[in-house]
Structures are given as structure tokens and as C-alpha cells.
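I have a structure here, written as C-alpha cells, and I will follow up with some questions on it.
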Amino acid sequence: MMFRYVMSEIAEKVDCAAATAGIVAAGRDFYRRGWVLGTSGNFSAVLEVDPRRVLITRSGADKGALTEQDFLTVDGTGAVVEGMGRPSAETALHLAIVSATGAGAVMHTHSVSSTVFSQKEGKVKSIAITGYEMLKGLSGVQSHTHRESLPILDNSQDYPALAGEVEKLQLRERGSHGFLLRAHGLYTWGVDVNEARRHTEILEFLIEVMRWQS
Amino acid sequence: MMFRYVMSEIAEKVDCAAATAGIVAAGRDFYRRGWVLGTSGNFSAVLEVDPRRVLITRSGADKGALTEQDFLTVDGTGAVVEGMGRPSAETALHLAIVSATGAGAVMHTHSVSSTVFSQKEGKVKSIAITGYEMLKGLSGVQSHTHRESLPILDNSQDYPALAGEVEKLQLRERGSHGFLLRAHGLYTWGVDVNEARRHTEILEFLIEVMRWQS
Amino acid sequence: MMFRYVMSEIAEKVDCAAATAGIVAAGRDFYRRGWVLGTSGNFSAVLEVDPRRVLITRSGADKGALTEQDFLTVDGTGAVVEGMGRPSAETALHLAIVSATGAGAVMHTHSVSSTVFSQKEGKVKSIAITGYEMLKGLSGVQSHTHRESLPILDNSQDYPALAGEVEKLQLRERGSHGFLLRAHGLYTWGVDVNEARRHTEILEFLIEVMRWQS
Amino acid sequence: MMFRYVMSEIAEKVDCAAATAGIVAAGRDFYRRGWVLGTSGNFSAVLEVDPRRVLITRSGADKGALTEQDFLTVDGTGAVVEGMGRPSAETALHLAIVSATGAGAVMHTHSVSSTVFSQKEGKVKSIAITGYEMLKGLSGVQSHTHRESLPILDNSQDYPALAGEVEKLQLRERGSHGFLLRAHGLYTWGVDVNEARRHTEILEFLIEVMRWQS
């Protein structure tokens, strides 16, 4: 399965206030579930394709209680175009994902399950997820027999290098909906904030299931 | 134990607004518990017996934040009689359960516990649940010594075929209050939305207990 | 350690509206935690010592959404003095606990942890809990070195007989703050609703800890 | 890594009402997560450095529903300067931590994970935590390769003696952000209430991860 979001379609329907509100609501819920404790995690949404404008949470914001002041707009190089504070240190990963997949929104969570699971799997570079009905919650998936490829990257503090690794994953060709950073967390994305939130819930669910089965 | 809900009694007391409100409240709570993440799950209630009219959640609705617009009415063949959008892909299962049991409401959840448990049990076609006080929360059960038969069906995307499998389960003769779809989730039902919600809570509880004991 | 609540002191400070409100709040919180799912559990408070008047939740009430209509008053024999509906089937146990301990409030919960733990322990008649700081949340306990005796009774549907078993436990002489019914749940009590709620939280915590350590 | 909060900087920005509000909000959230059940846990904030004035929760307060009446002010010896009731029995530990680290706020929680984990580790005097991205949520930590030293002290009811043990831990020299009391719970601290809350979330997260991996 190969898919790519069509950026021109995304851009036309993006409403900055709605994207902000969607991220605020998702952050509140993910915090309650323990997926973004201690200001961890970060979220973004594409506002314009060309020139690229991406809304992203500022570094150090409490994801359970985001306000408008916790958002910045960056351009395609990660430079701040609007807003106060420093953009998330992982902005380069968000931008690399948007480029590689054409996604309209990217979400990153740190759950106990993804941390435990990605550690357990040792040096493996990718996990296949198959046989679960919940896979159908991922965009374009029609059956539990779908074989989802979930790459696992080794963690690093060199974000430009990690962004290069993300490009090499060929997320589009694999048809992947997310990847794990080992002992760090999950990245997923979608055509918009709603879909990215749904993909977060689906992948966190599947990772928790696999954590107990592996 | 053999029991069957008496449909004429059900029909007389059904109030569409109350059924909708009961499903909305159940969805919000189940979402919080992680039982219907990522728009998974679906819920229905019989509004009229003859001609059959069944209220059911539309496909793709967020079960934690249902509104009136997320409900449709279908007839006994699954054709939409009222409302916008597409009915749940699993409408055929809801209708098969209503026919087989005379239930007034059907609920379907996807929990981590039911996914892990139904996978663990391998090729088994049914699980006996006995010895737990919580069994008494199931309609008609008087003692923890009751032996509840919980069928496990292999998952499939062929819903008409699955509906045929559901008919063959002889749910009425077994006195079952629910069944599992392997690596998919739980179906349960009740005389009305309140009872179906109670059965969901009871069976999810028992499945979680058995998950840790098996 | 031997202790007994002094009933005359209890009776003087009991306020029916406050006891009701305290139980409603506890029920809401316990439901959220999954300790009283599916209308399971029941709660009581002594309103008068002589003649005995005990406020108790009615059978089948949803413990997460109790209202004033869900409470009854019974006398020392369990006969209804005030209110509509049927008192909890386990009223005899509440009355036996009040008589044996002099408690002013009794709470009964059904958690996954107490169900799993009480099953694991096989035929054991009592568990010693010691070494945990949380023990100090139990009335009269001054140190984590305290040795709490937590009896485990086999479950039964014969509540008068179970009430007789409770009397034989000599809860006062043991200085126990609760007991388990196997594959059923926890009973605990306190001088008032607040203390009974605190004891529920402490014992559910300790049982969850022991569940993972045994 | 060695660090020490600069007290004069702390003192200037402390606002008693804001510290109280921050602790109330943290208490509500920690209670919901099951980290301060049954009135367990206690929280403090430095209001003045010289003469020392420390705001601390009173003994026996319900941490999920703190009000202004649940706070006291103590001096550097633990004597009550303002407020009603008895200060937490563990006030000496809070004061020892403030002296040893220069922290502006101290938080103490009792979670199932820290209880189970600290018991599992037997006689070990300290645990090294390394390799987790979440470590970066701890003040001054720049990389997941950081090696955090988490001391484990044996529990005791002799709080002055325990305070002496805390002094010997050389928390400043180790660069530690918290320590465990065995079968009791977690202490952590920060430059202010917000940072202490973030450190609680980070360390509880890491302890839960290690609980399942050890």
C-alpha cells in the first residue's frame, strides 16, 4: 500500500484556530492518559504548503494545559515566523515527516508502553503489526490482515541527523503510519489534526497490546 | 439457563432521546477507559420491533464525543431509514444479535484486555467464566457459581458471513450475554441501553481478570 | 492492637445529608477507578445506634451516579424503615460488621486487583500485610512495621451464613480493618464515611501492590 | 553534573497564593493518578529563605481536595509559624531536602509502581537510570545518555534520623533529582512548584518503566 496526502487539498481546508483547538483537546486527553507527562511530546499542523508554514508547540509547554501562547509558526527550515518562545527541539523531525509523507499534522507522544516495548525489541529495525481489527483505524487500511510496518529508530540528540534517518525510512513507500524512537516514544501523522489524533490512539493501543504479548 | 427478551415489552418503553442520551454517556465513559479508542466500537438500540427500526452509531464517529448527528436509523435489512452518513460496517452483526437474542440494545467495545485475552486463548471456540461474584451483574444470573459461556469467533471482514456465524452460536440456548471476536473486541447486549452498558462493564471486568489469570 | 469505635460518639456527630453526600462522592470516584463497575459494590453508614438505623445503598444502583433515591434506611434486622426499593443483598454483612467492630460506615468494592489477588492465594484463610508505609493510613496504625491481618472468606450466596462467618472472624480482637471475599471483593469500614473511604483507598492500594509481588 | 538552586533567586519570585494553587492542582491530578491515595503524600514550598519560612500540607489532609485550610507555614526547625493543625510528620525530610539542594519546592508521592519497584530492588542503595528520553524532563539534563542516580533509603518512622540519612546522600554532589524510601514512596524537588510537579511526573514515569523492565 502506498499513499500520500495531497498537500493542495490539505492547505485549502486548514483553519489555524481549529487546528490549535484540536491540538489543545488532544493534549489534554493524552496527558490524562499519561502519554505526555512532564511537558514531554509535541504536536504540529501544516498551515500553508507554499511557502511552508507549520504551527508547532513551543518547547517546555505543559501538554495537558496548552494555551494559544504555547504555539509558534515556523517555516520550512524551522525558523520562527510568528509567536514567542523556542519551537520544540524536535521541529526538524516534524518537518521531515511532513516532507516525506505529505501529512497535514504530526503528533509525538511518550507513553510507558512505547518506552517499554521499543526497549524490549532490542536491535530490531522494524516491527510488523498484523491481525488486529484496530489496524482499520489507520487511514487507508481495510482489513485486520493488513501488515503495518512500524520502524524503530535508535534515539539521538542530533535532530538533524535523526531527520535524515527519517527521510531514509521511505515512509511513503512502506505505507507506514508512524515510527518509534527507541526508549523515547511514538511519532505519527495524518491528513489533519483529527486523523493524527486517531492514529495516535490506534498506535498507542496496538503498542500496548504488543507490549503484553511479546 | 435460557432466556429471551420479550420484544413487545421492549418496544413500548423505548424513547429515542433517552436511548441516544444513554449511548452518548456510555461512549464518553468507555472512551475514558480506553475501550473505544480511535473511533472504534459501535452501539445500537431497537426503536421499533415491527417494522424493525434500529438506532445505530454512524461509521467513523468519535465514541467519546457522540452527538445526535452521529446516529442513524436502519431497518431490519440494515438500510438507512433516517439520518446522514454511513451506518457502522458491523450493522449486520448488531441485527443478527437482536434477532438471535431479542435484545433491545447492543454494544461493541475494543479493549486492550479483550484483544490480548482473545489472542492468548488460541483456537478455543468458547471460554467458560465461573466462580466470580461479578457474574451476578449479568441479567438473570443469581450466583457466582453460574457458568457463563463466552464464545470466541475468528475475526473476518465478511460481515454477512460473520452474522451467519453469530446465528449459529445459539446465543439464546447457551444463555450467553456476549461473545468475543478474536483480536477485535467484545459484543454484548441487554434489554435496553442501561443493561447493555452494565453488561459491557461486567464482561470487560471479567475479561481483564481472566487475562491476568490465564 | 485491639480497638473498637465508640458508638455513642459516632451517633452524635452523624448527619444524614453529609453521610449521603460522602457516599455519593466516594461512589463516583471508585467508579472512575473501576472498583464498582456494573452496579457492583455497596455502602452504608450508621445513623442511630439505639434503635439501630443504618443508611444503605439500594440493590442495583449505579455506584458512579448515586442520587438520594438510591439510599434506604434499615433497622438492626435489615428491615426497611425508610426509602424505596430493595436494600443491598449484602445488608446482613454490613450489619454484622457494624456489630463486630462498632464502625460508623462500611464500604464494599469489587476491583480487578482484589479479585485476582484473592484467587491467587488459594485456600489461605488470612494474609498478613506488613512493611508498607501506606499501612499508616489505617486507623490506629503508627508504623510500617505493623502487621495487618486481612482475612479471606470463601464466597457464598448464603448471606446470613456469611454474616455468621464474619462474626467468627473476631475482627475486633485481630484489629483488622477489612477482609476479602474470594473472587468477590473487599469489605472495609471506619468511624465514619470519610475514614471508610480512606481505608478503601489504602487497602485497594496495598492489595494491588501485593497482587504484583505475590 | 552538580547543581544547586540559588535561594535568593527563588525567594524573590515566590507568591504564596500561586504556590498554594500550584500544589492544590498537582494534588488533584496526582490523586486521580493514584499517587496520593488515602491522604498519603505531602507537598511543600519555600516562601522565605532567611528567616526560613516553608509552606507545607497539614498531616491527614486529602491530597485530591486540598483547600487553603490544609496548609501551614513552618520555620527552619519545623515549628508552626502560621496555620491550624499539625504539619506533616515528614516535615523534617522536606527541610533536610531544602537545605541539601536549595530547592524551592518538595513533593512526596506514594505510587504502586514506586512501592513495587523499591521492594523488588532488595538491598540496593541506589539505582542508575539511563537511556530514556524522559530523563530530559529533569532540570539540567540534556541527553537520554545522562546517568541519573536515584538513591533508595530504607524506610523508618524516626524522621529526624531519616533526615540525617538524607543529608548523607549528598544529593547536590550526585546531581540527584529525587530518592526513594523503600516500600514507601518518592521524594523529588525543584526550583519551584511547577518544576517539582514536572519532576514528579518524570520520575514516576521512569519508575513505572523500570518496574516492568527489571
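By written order: A, B, C and D. Residues from 1 in each chain.
By definition in this document, a residue touches a chain if its C-beta (ideal position, glycine included) is under 8 Å from a C-beta of that chain, and two chains touch if they have at least 3 such contacts.
All of these numbers come straight from a predicted model, not from anything done at the bench.
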Max Cα-centre separation from chain B goes to chain D
Across the interface between the identical copies chain C and chain D, with over half of residue numbers shared counting as same and under half as different, the residues used are different
Cα centroid separation, chain B vs chain D, in Å, comes to 46
Distance in whole angstrom between the CA centres of chain A and chain B is 33
Dist(centroid_CA(chain A), centroid_CA(chain C)) in Å evaluates to 46
In chain C, the residues touching two or more other chains are none
Note: in the complex, chain B contacts chain C through residues 33, 131-134, 137, 142-145, 198-199, 201-202, 204-205, 208-209, 212-213
The chain B residues in contact with chain A across the complex are 34, 37-40, 110, 112, 115-116, 119-120, 155, 157, 181, 183-185
